[in-house]
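Dumping the structure here so I can ask a few things about it.
Going in written order, the chains are labelled A, B and C, and every chain counts its residues from 1.
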Amino acid sequence: MDSYRTVLGLVALAAALLAPLAVGQFWMTLITQIYIYGLLALSVDLLLGHAGLYSLCHASFFAVAAYTTAILQVRHGVPTLLAAPAGILAGTLLAILYGASVRTRGVYFILITIALGYIIWGAVYRWASFTGGDNGITNVPPPSIGSVIVASQTTYYYFTLAVVLLCALGYRTLIRSPFGLSLRGIKASESRMRSLGYRTTKHLYAAFVISGAMASLAGVLYVYYNRFINPVAASFQISVEVSLMAIVGGSGTIIGPFLGSGIVLGLRNWVSSFFEFHAAVMGIVFIATILWAPDGIVGFLSRLRARGTRTKAAPP
Amino acid sequence: MNSGVLQAINGISFAALLFLLASGFTLSFGLMRVVNMAHGAYYLLGGYVGLSITRYTGSFVLGVLAGGLAIIPIGYLIDRCFIRRTGENHLAQVLLTVGIAFVIGDIALKVWGGDNLKVPTPIELRGAIELPGGIIYPTYRFVLILFGILVGLSLWLIYRKTQIGAVVRAGVDDREIVSAIGINIDRLFVLVSAMASFLAGMAGVVGGAFLTLYPGAEWEILIYALVVVIFGGLGSLEGAMIGALIVGLLDAYGRWLLPEFSYFVLFGPMAILLLFRPQGIFGRES
Amino acid sequence: MSAAIEVDNLAKVFGGLRAVDGVTLHVAPGERRALIGPNGAGKTTLFNCVTGTLLASSGHVRLFGHDVTHLPEYRRTELGMGRTFQITNVFTELSLAENLVLSIVGTDRRKWIIHQPLSAFPAIREQALAGLEAVGLRDRSDHPVKLLSYGERRQLELALALNTSPKVLFLDEPCAGLSPSERARIFNMVRALPRDITVVLIEHDMDVALGLADRVTVMNRGRVMAEGTPEDVQANPEVRDVYFGHA
């Protein structure tokens, strides 16, 4: 069974590496966007699928990182090698602050993250003198490393893919580590964890900050991809959408959030070409997923496979 | 000094509107453990229906009633067919009802379009009145305060002083016991849910008369209602009242004193409250 | 030498109910103490206040002389308290081995490692498998707990407590709901525990309680009614009244 997964993984990797050669500019940029949102969805899933915390404010870290990098590059001419880490740092600092929300659980945590998300959205929207308000920050230059400018879409595609793969590898170690197991323990029974000696709130806080840092990285990748940032990136809708991506693809897995990102973005792209009410379509996807496929595509496929092996094992 | 008082009245009139929306939301949670993020969409849809009825019949009162009544069957269907299936999985409820809100929002967009629409108010309520202290204030918003007090008082009396209210309170406290003593908990849920829907729809018409209705309004009002409930505590009617006042006043003063940071003025104290008392003022520890 | 556990005039009040009403008891190091009493006597509440699941309303709890009355639960576990729960509280979504691993690293700095996978620590897995072996569940180590029977889960519950390196073990009805053979297994396991672990257990099964205990404390209505050796307590007329008089 593991060889099955390895083969699939290698095929996927090959496809990802060869994609720019096979498909046109449009698809390549769409796939780049899928990687970036997939990373954001992965950050949400660290909390959702492993710690059992449903955060709906991750767009805040994403946007704060993107805005910081954008403002530094556009208004102050700060080079990428400083602006990008600064963006990640800014988003992570916000996560360090917002992490106080892990003092609550369940529905209170959800509501509080919704409200915290709105603070940032309100700030980027209303503090127009600093953030450009509705218009956002435009003309973000392409990323540069020293004198090398990453101007082509193709190069940026590979750059994004490399960053995302590295992140996914790190994430894989994280979720397989003792700390990762402790998160799943907290999700399974927080009371038992406390009685086993775990300071559960501290673990959840650490997970929240790590998750925020990942979301910030996605934000920086995004702003160089889009060359433009506006308040929509901080919206509640984005936070909700990336949670949906994690669930649709398969929460608790590594590939799930990326699959989900592909499905949601692909669907939106396709639908908006012929139907203006794509919010309703997205809404229907939410409803259908929650009602009929709560363990997502990965869950659905594993169930299919389990059924397949069971029929094979059945005696004649 | 006058301006300060003016803002206070603004805040209180907004609080009245928020109470209409938040009271249903908080009691739905308290009794049924349901987080219904489509509440904002109920507001918007009710508002639009009320708008059309008011235009058609020329009666604002009919519009308000129609807006409230229209949401009752919709809310009921959504409860039965969708929310029921999520049990007590709050994330599933949030995502599901957000999806429903998206659908309702787009339907409303199709039917009523994307422009800012104002629910026409009756002539008697247009214009301004003079309040003690020489303050000139829009009549409508002042009457809204009276309306809010009326609804609040009625709800409070029913909740605290009648038998049905006692049953609801018992259900909020402990659902299983209420079932066990033979009360049809299902019918209770339908009743409270209907009331919440009615208030939300009505709030849309009442709010649409001075805040106007437009795509996106359902999310703006919802976030205020959520902050009310975070302050006041989920499941508490008194919490919804106090929370609405706090939010209304903070919002009014915030917009007046620090327009660019008015969200901070509102969410800052909320965040501080959360650090020390996450369950809100009247909520229970989870 | 200080007592392993000193409970001094502990009280726990819920609204108008004094669930624990001024309980004092001292357990010597290595002792096996049984805590018995009718339902509602306050035994589990007492346990909860001692281990930190609940905070006492008044009174003191000392662990080897160290005042832990206001310490959070996880801290008390770090200092050497282990417990099992009356209502089985194991990690149903995880595998048996993962359950044990969580128990093993719970009082350990290794629980904070984020940069290395668990597979890099074969010693932990060995310890987990050994812990499962001790309760006879080793062959199911990678199965999810969901597949276990009730009796097997009770065994896992005990294994979890044993693997936190406890100095004092609080067992809350470890034999509840078990078949006679399962009961015997638990009985033997507890009896075989080394004397450097102090054991306090709540048990309704008199054979188990009196068979394991060096001393017995009897609680009723939140208070200590009697205390002594198993023989003393069995002969005590008030105790017989409470147990057998109103049966």
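Following the convention adopted for this analysis, a contact is a pair of C-beta atoms (placed from the backbone, for glycine too) under 8 Å apart; a residue touches a chain by one contact, two chains touch by 3 or more.
Everything quoted here is computed from the prediction, not taken from an experiment.
Note on connectivity: the fewest chain-to-chain touch steps from chain B to chain C number 2.
Central chain (C-alpha centroid nearest the global protein C-alpha centroid): A. For this structure, the chains sharing the highest number of C-beta contacts are A-B.
In this assembly, the C-alpha centroid of chain B lies 49 Å from the C-alpha centroid of chain C. A straight line joining the Cα centres of chain A and chain B is 32 Å long.
As a whole-number value, the distance joining the C-alpha centres of chain A and chain C reads 43 Å.
Counting partner chains per residue, chain C has no residue touching two or more of them.
Those residues of chain A lying in contact with chain C across their complex are 173-174, 176-182, 184-185, 187-189, 191-200, 203, 206, 210. Of all residues in chain A, those touching chain B in their complex are 48, 54, 56, 100-101, 103-108, 110-112, 114-116, 118-119, 122-123, 126-129, 236, 240, 243-244, 247, 277, 279-280, 282-287, 289-291, 294.
On the chain C side of its complex with chain A, the touching residues are 51, 53, 72-74, 77-78, 83, 85, 89-94, 98, 101-103, 105-107, 110-119, 121, 124, 160, 164. Within the complex formed with chain A, the residues of chain B that make contact are 29, 35, 82, 85-86, 90-92, 94-96, 98-103, 105-107, 109-110, 219, 223, 226-227, 229-230, 234, 259-264, 267, 270-271, 274-275, 278-279, 286.
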